[in-house]
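Following this message is one structure expressed as structure tokens.
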Amino acid sequence: MASDVILETRGLTKEFRGFVAVRDVSLRVKRGSIHALIGPNGAGKTTVFNLLTKFLQPSNGNILFNGRDITAVKPADVARLGIIRSFQISAVFPHLSVLENVRVGLQRPLGNSFHFWKSESVLDRLNGRAMELLEDVGLAVYAHLPAAELPYGRKRALEIATTLALEPEMLLLDEPMAGMGHEDIDRIAALIKRVSANRTILMVEHNLSVVANLSDWITVLARGEVLAEGPYAEVSRHPKVREAYMGSGHA
Amino acid sequence: MSTIFGIPPQALFGQLLLGLINGSFYALLSLGLAVIFGMLNVINFAHGALYMLGAFVAWLLLTTAGIGYWWALLLAPLVVGAFGVALEKTLLSRLYKLDHLYGLLLTFGLALIVEGAFRHFYGVSGQPYPIPDLLRGGQNLGFMFLPNYRGWVVVASLVVCLATWYAIERTKLGAYLRAATENPVLVQAFGINVPLMITATYGFGVALAGLAGVLAAPIYQVSPLMGSNLIIVVFAVVVIGGMGSILGAVLTGYGLGLLEGLTKVFYPEASNIVVFVIMAVVLLIKPAGLFGRER
Amino acid sequence: MPDGATVRTAMLEVSDLHAFYGESHVLHGVNLEVRQGEVVTLLGRNGAGKTTTMRSIMGIVGKRTGAIRFQGQELIGMAPHRIPRLGIGYVPEERGIFSSLNVEENLTLPPVVKDGGMTVQQIHELFPNLQGRGSTQGTRLSGGEQQMLAIARILRTGATMILLDEPTEGLAPVIIEQIGVAIRKLKQRGFTILLVEQNFRFAATIADRHYMMEEGHVVDMIPNNQLAANMEKLHTYLGV
Amino acid sequence: QQGKISGDVVKIGVLNDRSGLYADLGGEGSAVAVRMAVEEVGGKILGKPIEVVSADHQNKPDIGSNLSREWIDRDGVDVIVDVPNSGVALAVQEVTREKKKIFLMQGPATSRLTGDACSPTGFHWAYDTRALAVGTGQAIVKEGGKSWFFLTADYAFGHQLETDTAAQVKKAGGSVVGAVRAPLNTADFSSFLLQAQSSGAQVIGLANAGGDTITSIKQASEFGLTQSGQQKLAGLLIFLSDVHALGLQVAQDLVLTTGFYWDMDDEKRAWSEKFKAKTGKMPTMVQAGSYSSVKHYLKAIEAAGTDDGPTVAAKMKEMPVNDMFAKNGKILPNGRMVHDMYLARVKKPSESKGPWDYYQIIRTIPGDEAFATMAESGCKLPG
Amino acid sequence: MPGLLALAVLLLVLIAAPYVLYPVFVMKVLCFALFACAFNLLIGFAGLLSFGHAAFFGGAAYITAHTVKVWGLPPELGILLGTAFSATLGLAFGALAIRRQGIYFAMITLALSQMVFFMALQLKFTGGEDGIQAVPRGHLFGVIDLSQPMAMYYTVLAVFLFGFVVIWRTVHSPFGQVLKAIRENEPRAISLGYRTDHYKLMAFVLSAALAGLAGGTKAIVFQLATLTDVQWQMSGAVVLMTLLGGIGTLFGPVVGAALVVTLENYLAASNLPVPVVIGVIFVACVLLFRRGIVGEIAARLGGKRP
């Protein structure tokens, strides 16, 4: 199974009451790559994410992960297979501390999550790893703050740390940089680069400099369909892509 | 004579008609609940108590001031509405920033107080309220004797429900209401007086309960308990109909009245629980309710 | 003073504005001025107080002191729902699309407060994405489409002064360009615009002047035509 | 034992529903009636003071049993009076049996209290389901109401009332043409009434209680069931307070059985007027019975010279009951006080001379007929 | 550990209580305290407001009363069967109710429990309005005579402590941690691979079972099971107890139950209208001290939740 394609979709289609948001999309994401999904607003990027993680049920088409058809698998089980996503609008557990947020991610693989008769102190052994993760995203100093009190940009960073806690084989990031200031963007970009070493990342992002710097491969969606594919340099020269997405300002 | 499942068709029509009458009350009450819920996101547990209050106001008007049914039909909802406005201004409005469950708990407490107070002063056997002279007697429809008053109840509730539905769904008002439920601050920032609108809505929803109370007074005994027994069924109606839909609340109200009527013929022992059974089935098939939107 | 500034009357004057969220004091004496027909930006790092300034103008923060005058009228103390009626439109940072309303209802929700707003047709020309989506539930639109809708609904109201909080967040480059075009058009039609932006490059293409905010204060004002000369300062303010 | 009063005070606990469905038929009125009995003996017995306490059991058996337990264990209460709601009464019966204290029941209906659940110290005074069934069932058939249809509250009490009455109806030569079971607390009886109407029965027996009875009577009037004159409503458990609540316009011509009516003789009238002066209402049979039973209880203490439960109980059963409530009433070993019952018809508004003039007594049912004998009762106490 | 200290104090108080207070009263408090704690497990730690918990409490009471009285089972087995019944009922109701959240959840549980009420009213074995009366207390494990008040008392205390410790453990367990996460942000929990419905259902069943344990025990203590226990007012009462004591605190429901039971006892002997007083307390709690007594104290002490 060491095929170099980790995730593949075949003819993926999603229709909402007559409106086709995703039409016949066939993606092939290479193992170990950073794959960017870009496209104009409403192109269907988030919808593709929702389909891949089964938050939406495809109208048509198949999803294969590591060669296995996961089209009919439930959302929580997709996550258990190793595909973890982040959300376009930040998603943390607001009243848990920053550390506990990450621990929720670390805890699941332990398999003790139904053990209501055990003390939660069995989770303390996760603290070390949790702190490492927080260190990575620059949140170590906030470890004991409730997540709700973090500024927006930091919440996004926390979300990424929680996602990484599960050591996912594949990470889906939906606009990880949205709403972040310049310094944070650089930090998170570096982090993504670092963690991509032994996993696959599929990412939606509008910040083109980030896309240009990070991604190995780009798929451009427009009106639910694949418009172009290739490395940044190639895609960004594509006239249709320029017209539909980049506009005149980007070369 | 031919029969339907062993019941003469005429008896069946009679029962269906009666079901429709019950449905009228369900519809009026679930409409009020739906309006309030839609706007304040509060399950108004006090709805039953306010329905009772409407009936009592009518009774008090009659016995203390000699004011009759027709004026009561106007005045009692106004009084109940005003009471609702006072409640909203002084109590409910403090809870909007909190979890919606607190609204439920507060109104639950209010229901206890209002009902308890009336129990304390008027006992529970209830007070008689005469049918207005104009509507005494009834029509022999052949298959059943339809009291005029019951016919009037159906007509009145239909008119009120349709008018409310129109006002809310077919005018801008409904959009304001729904938007303000979600994000009152922003709607305010568009230039709409949200606090006033919330207060008015609560007052209106509650006035609907009061109106239902006046309509019910001549049929049922005017009793402090008349609301608490009804309200849970109406909750179930609302769950079945699905929150967030005015039309859903109304249609489900009538529909369940009919179904309940049928149960009373075919299996009377179950007529108390049929609504809850339907609720369970609907939830299994359509968790959001028949007309509800998944949120 | 920069070009023509003195001839035009001040539309909005904010002086010594303090604002609080509960206990926390967020704005510490903000001073700024927007003149009729201008496009002015507020720039600053995350948490500098830009959004809070806008919310203060709209009267929807917990508590505020100081003075906010719009066309000579004092806004502090005015009921929040009356402020927009004076002709101020607000596009919030978090977009504020209503999930219980469909796209059309969202679009037509804010009441028209003045003549001269855009028609639905003009709006569809500006944002073709919204065309034909009238019956879709508002929050089912994609993130970027929601942003367009949030801007569009204010353009309809005829408000003469528009507060835009990060209108380009999450938008594709082409759309950002379109919004730039739209803002310029609005300016030509005489609208006054106060804009919060993280995307400094975009801001530079449309604004007349830039206010710099830091920790609840306005620390500097740079006219757009002197930007090049002030790149140094911008670095320190924004880390650009 | 002679001359011994426990705690040097005779404490009477009036335990009933003071806020709920049965508040009007008993409630504070029962306590007033008990106090009237105490005043009549001068507030003292065997030289010791008599105290009356009262409490609300809220129709909850657990509250009732808890309260009576506490009363007896901690406050030295010697006798418990009234306790409407059969469920609560059955619970209190268990407590008083265990603690060997006197229990004077007025409000509860079920004849089980002197049947399988009887207790050596329990007394059932004013009425019970069997007496109601006999009174209304047999008497009406004798009055010409031959065919019956029951509108029954769908729970144990309603079923029992229906079965008992049906048996009496058949015994008297009548027939039962049908029955419909309506759930408890039904708000709308119209469907059931429609079924009753189309059955063509002469008598519609209301085997229900409280709010259900009131609503069904009211709606029967609305649907013109009785106006036609072909059908008659028979209430199997109706109190004066219910008729008062309904108003004569609605309740007219209803037939019912009662153990007491204030306007039957001078003695009753005099006592009732006194009661009305204190409460503003004429007494129900429950309230009058409370008075009568306490009166009898005090007499028995006097005679026995002690307030010890079993001793007093035995004494009470020895003595005939003679007061304004009952003439020559006798108490069976199972605690059943046997006295005459009355079949009454509710007057038309035109017949009534004023407030509280509600009943016309149409038949007296001798106590021995109305109540079950010791053998019939099913009580296992030594008789 | 202030929590352990508090538990020790509570334990001492409860061991001594029957010598100072009326034992039956304290037993009643204990049964309701356990009921309220079970309810609180759901609202306080899973964020689910059940307005139908009376169904589990009263349902178990009926089963226990029936099996002990009619089948002649020993009390421990009766209580166990009652608890099992409630757990099963909880599984069925839970599976339906957790399909919706928030207010819907409350209304659905309310409606479902109303169904149980009507069944209890109409089924034969429940005795309708009369309920099941004169249930023998019997001998615990065939040896301990429960008709002895002190034997009964310490049995109830043991049951209560068992339930309380189970809840304590649950809240501070890996499971409890996931439950909190789900309450905070369910889609996120799903995306991390948690099958959130299973967790919610599990919490619901646990809560229902413990409520059943309380109800079954109460049936033995009072030797009866009646409609009171399955009425929606009972569901309201348990909400009040928890709210008054402090939602989401461990000791709050215990304090709240003690207060409400005391109050009901006191009011029964007074002339005040009970529902009005209870209603006023309800409103006051919601408006003025939402954290409840224990929550408020904990907040004053500035510490974390006990």
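Labels A, B, C, D and E are assigned to the chains in the order they are written; within every chain, residues are numbered from 1.
Here, contacts are C-beta pairs under 8 Å (C-beta built on N, C-alpha and C of every residue); 3 or more make two chains touch, one makes a residue touch a chain.
Molecules present, by chain and UniProt name: A, C = ATP-binding cassette domain-containing protein; B, E = Branched-chain amino acid ABC transporter permease.
Quick caveat, the model's predicted, so the values are computed rather than measured.
Trainee: Listed by label, which chains are in contact with chain A and with chain E?
Mentor: Expected: no chain.
Trainee: Just to be sure I understand the contacts, which chains border both chain D and chain A?
Mentor: Both-contact set = E.
Trainee: If you tally contacting C-beta pairs, which pair wins, D-E or B-C?
Mentor: By the number of C-beta pairs in contact, the winner is D-E.
Trainee: Tell me, please, which chain's centre (mean of its C-alpha atoms) is farthest from the centre of chain C?
Mentor: Relative to chain C, the chain whose C-alpha centre sits farthest away is D.
Trainee: With chain centres taken as the means of their Cα atoms, state the distance from chain A to chain C in Å.
Mentor: One centre to the other, that is 31 Å.
Trainee: I'd like to verify one number: the distance from the centre of chain A to the centre of chain B, where each centre is the average of its C-alpha atoms, in whole angstrom.
Mentor: Each chain reduced to its C-alpha mean, chain A and chain B end up 48 Å apart.
Trainee: Can you check how far apart chain C and chain D are, centre to centre, with Cα atoms defining each centre and the answer in Å?
Mentor: Each chain reduced to its C-alpha mean, chain C and chain D end up 78 Å apart.
Trainee: Using the average of all C-alpha atoms in each chain as its centre, how far is it in Å between chain B and chain D?
Mentor: The answer is 37 Å.
Trainee: Which positions in chain E touch two or more other chains at once?
Mentor: 118, 122, 273-275
Trainee: Would you give the residues of chain B that are in contact with at least 2 other chains, written as numbers and ranges?
Mentor: Counting only residues that touch two or more other chains, chain B contributes 116, 119-120, 269, 272.
Trainee: Could you list each pair of chains that touch one another?
Mentor: A-C, A-E, B-C, B-D, B-E, D-E
Trainee: In the complex of these two chains, what residues of chain B are touching chain C?
Mentor: Residues 172, 175-176, 178-179, 181-183, 185-194, 244, 293, 295 of chain B touch chain C in their complex.
Trainee: Which bits of chain B are touching chain D when the two form their complex?
Mentor: Per the stated touch rule, the residues are 11, 14-15, 18-19, 21-22, 116, 119-120, 123-128, 130-131, 137-138, 144-145, 147, 149-150, 218-221, 223, 225-226, 229-230, 261, 264-265, 268-269, 271-272.
Trainee: Could you list, by residue number, the parts of chain D that touch chain B in their complex?
Mentor: Those in contact with chain B are residues 19-21, 23-25, 27, 154, 180-188, 190-192, 194-195, 197-198, 210-211, 214-215, 218-219, 222-224, 241-242, 244-247, 249-250.
Trainee: What part of chain C is in contact with chain B in the complex they form?
Mentor: Of all residues in chain C, those touching chain B are 58-60, 79-85, 90, 92, 96, 98-101, 105-106, 108-111, 113, 137, 157.
Trainee: Please give the residue numbers of chain A that touch chain E in the complex, ascending.
Mentor: Spelled out, the residues of chain A in touch with chain E are 53, 55, 74-77, 79-80, 84-85, 87, 91-96, 100, 103-105, 107-108, 110, 112-120, 122-123, 162-163, 166.
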